[in-house]
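A, B and C label the chains in the order they appear, each numbered from 1.
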Amino acid sequence: MKLKRMGLYAAALGFMVFAGFPFYWMLITSFKQNRDLYVGASDVKHIPWIFNDPPTLEHVRLLLGQTAFPRWVLNTLLVVVAVAVITVAVAVPAGYSLARLAGRWGERLGMGIFFTYLIPPTLLFIPFSRLVALLGLNNSLGALILIYPTMTIPFCTWLVMGFLRSVPWEIEEQAMIDGYSRLEVILRVAPRLIMPGILTVVVFTFTLVMQEFVYALTFLSSVEKMTVSLGVPIALVRGDVYHWGSLMAAALFTSIPLAIVYNLFIDRFIQGFTMGAVKG
Amino acid sequence: MAGVEVRGLEKHFGDLRAVDGVNLSIREGEFVVLLGSSGSGKTTLLRMIAGLERPSSGEIYIGGERVDGDVPPRARGIAMVFQSYALYPHRTVFKNISFPLEAHGVPRKQIEEKVRWAAELFSITRYLDRYPRQLSGGERQRVALCRALVRDPKVFLLDEPLANLDAKLRNTARDDLKRFKRQIKTTTVYVTHDQVEAMGLGDRIVVMERGKVRQVGTPQQVYEDPVDTFVATFVGQPPMNLLELADPSLPPRTLVGFRPEHFLPRRAFAAGESLRPFRFAVRRVEYLGSDRYVYGSTPESSNPYSTVIAKLPATVALAVPEGETHEFAVPIATLRYFDADTGLRRRP
Amino acid sequence: MTTRRTIADREDVLGVLMLAPSLAYVILLVGVPFSLAILLSFSNASAGSLRFQWAGWSNYSAILGDAIFLRALRNSAVVTIGSQALVVVLATAAAQVFRATFAGKRFARFVLLLPWAVPVSLAAIAWTWIFDSTVSVINWTLKAAGLMHGWLYWLGDPALALLAIIIVQAWRILPFATVIVLAGLASIPQEVVEAAIVDGAGFWRRLFQVELPLLLPVVTVAVLFGVVYTATDLGVVYILTGGGPANTTQVLPTLAFQRGILGADLGQGAAIAVFLLPFLIVVAIAMLRVARRAEIGAR
């Protein structure tokens, strides 16, 4: 028994190290002094995994004070809010309609909508570039606000559908017997019931916008318009030099809130992915 | 084949004593039913015998050998049928039944023979190539029984195998089990909350409540000679009537019990039988075809509102109109006396 | 309260109205562009003008004769299959580890989930730093452990760079796959596993003959999504190697981007991207099968 236990801990540790060491690396790089950082790896005497010199805040200061990073954060938040509003407004009623009002073919149609999530941005960006140019949305956040819902709506419609399957429809039917019309039920009774589903939609949209790179790369060209996901790897350069300290600090600051959010909502997302094959 | 012995067995889940000091001796070849409602500890006890739960304290012996230490289920010589049947959904019926044999390394030829033998016993040979999801509940139960049977275990453990079937299926399934019992003659421990099942199947019944054994006995003993009010009212449908009578000839705080089928109109009894008469104010009669259930109360009870039930077979054709008081009686030999405070049986 | 049926009662009308915006979005902004992409692959279109000239199969014949394209096609397959094979093995193992309870499990799970939570581009840039030939932490560790005698120019050598890409893809998909497999493990009815225990199956027999077969639909879903995410990914390759050195690590998405967006040759870009479709069609069909089997098997 004891050996098995130790083996378990060893394996868990192994996986943790594999998954986590880049983040540890991000962490110490953000706070290491440059002379502790840019030492050739062939020098075995200098251990890169620890602080050889005392930690410093200079990279963070540079990031927040002398780069466009704060601007990018604002841009990203703007896009997040706009896309979230659009997604909730469109996907939630659609999911409700498919789950409650569409009967047999509702399931099929819902699955069909879900499958459009599989059509990759790296195929659609070609025609989109034309469309964006036509609409005069080149190099603007508007392009992202228009295009991102094509990714969030399919998945979130499916999420809401799945969520509604677990909410008993008797409550709504009871309300209709008690005197509400279907429309009134939708506007007054349903929202309270679906609130966790709506929350999941908002969170999913948040994570998707924060992580999206391809469309941002395709449509945004000037630095002050960039989102965090685009700006950090592409535009945090001065001259020809990557300032790795600041880069890693930016990556770290962005990762942590996302990771926290993910941990809280991961079970809901999984239900969506496995199409109900697995009861979450 | 082997007997099962359990000594001082306990299982705690935190503060909850699921099994609270059970001693039990099951003879070789006996069919014992653990009877109780949910929370009585019967399933936990079964699972400890199986090795799926570790006892908090106590000893378990199967075939004379101690198994409660670290002996895993596969080494205990047991076979188990779960409430949900737990068939392997991705394997055919044949492969379901052969699984335990494969796990024990039985050669292929023998596996083939044994599976077919078991399948024939339960007439499921034609299902051997099907998958569990294609079978009905009753058919699945038979597959589960085959799978248990095929290993010639020392002890069979069955956990409420009829609970998931609807009423009609349950009767045919119970017949299957009776046939199973007759042909196999292996020591069996059967868990149920249905006392009709228990009475019909068990050689002996173990009545359990809240982790403790209340009574162990043959169906007849448990029915006619209950050791306390719990057993008296749990076994028997409708339950035994228990009354506190305003009768000075009885010691104080005594409950008098009599079964509804012994509570008949006075005229239904033969002359010369020693009876204890009761005046019975009838409130309601339920006509059930083969029986009539009569609900009412008797003024002799210290609580005149408590309901007393009489069960009249169709052969007793006497009219018992509602709203009237009738002369009823109970044969004195069938009266049982209990202490009103402890519930224990008092023998006069 | 009105007692006649109004529009507020007409469920069919309401249903359509509520569904309409979503359908419109999907049809207009996914369906149409999708068809447009395929159309464009047969055209001479460029990003600058609205000109649309029919070009027949010329784009396709051009890229099929282009060594860079063929290499990109091969790379896409290699990266996808290589990383997902790794993921399947690792995720199944990780799920076994993480279904047990042990001290600090919540923290361990948090760490395990990080690669999936972090934006692709940020993870890619971090890995670029990790693979940097001068200061690579991996090289240092290998050398300090005495396991390396030469030097690994990760991102400068075509084969090593491809390996690096495979590692990063596997690394970022692993948490996702693990969580899905964990959920699948939890959905196996406990009594079936106990029946296997009672029937005499040891740990390995139980794993291979009972648990894994029952996990198959779930593992399939994880693999299918992993394939989609890896095959269609642009960020990792773009940031790690930019398709280099000298176009040796191009994959279909990055090449499509380079030719179609940067090079403004929409026709060719579309044609390249179209080669992603076979991957996706196979994936979609397989998923439909899984969904249907889940419906039937559930009863």
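Convention: a contact is a pair of C-beta atoms (placed from the backbone, for glycine too) under 8 Å apart; a residue touches a chain by one contact, two chains touch by 3 or more.
Because the structure is a prediction, the values reported are computed rather than measured.
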**Message:** Strictly by the touch rule at the top, which chains does subunit A share as contacts with subunit C?
**Reply:** none
**Asked** What chain is the most remote from subunit C, judged by the mean position of CA atoms in each chain?
**Response** B
**Chains most often in contact, by C-beta pairs** = A-C
**Complete:** Rounded to the nearest Å, the gap between Cα centres of subunit A and subunit C is 15
**Complete:** The distance between the C-alpha centres of subunit A and subunit B, rounded to whole Å, is 57
**Request:** Spell out the part of subunit C that touches subunit B in their complex, as residue ranges.
**Result:** 189, 191-192, 194-202, 205, 209-210, 213-214, 216, 296-297, 299
**Message:** Using the touch definition from the top, list the residues of subunit C that touch subunit A in their complex.
**Reply:** 1, 6-12, 14-16, 18-19, 21-23, 25-26, 29-34, 36-37, 40, 45, 47, 50, 90, 93-94, 97-98, 100, 102, 105, 108-130, 134-137, 139-141, 143-144, 151, 171, 174-175, 179-180, 183-184, 186-187, 217-218, 221, 225, 228, 231-235, 238-239, 252-253, 256-257, 260-261, 266, 269-270, 273-274, 276-277, 280, 283-284, 287-288, 290-291, 294
**Fill in**
So, in the complex, the side of subunit B touching subunit C is made of residues 50-52, 72-74, 78-80, 82-84, 86-90, 99-100, 103-104, 133, 147, 151
**Prompt:** Which subunit A residues qualify as touching subunit C in the complex?
**Reply:** 5, 8-9, 11-12, 15-16, 18-20, 22-23, 25-26, 29, 37-42, 44, 47-49, 89-91, 93-94, 96-98, 100-102, 109, 111, 113, 115-116, 118-131, 133-134, 146-147, 149-150, 153-154, 157, 179, 181-184, 186, 207, 210-214, 217-218, 228-230, 232-233, 242, 244, 247-248, 250-251, 254-255, 258-259, 261-263, 266-267, 270, 273-280
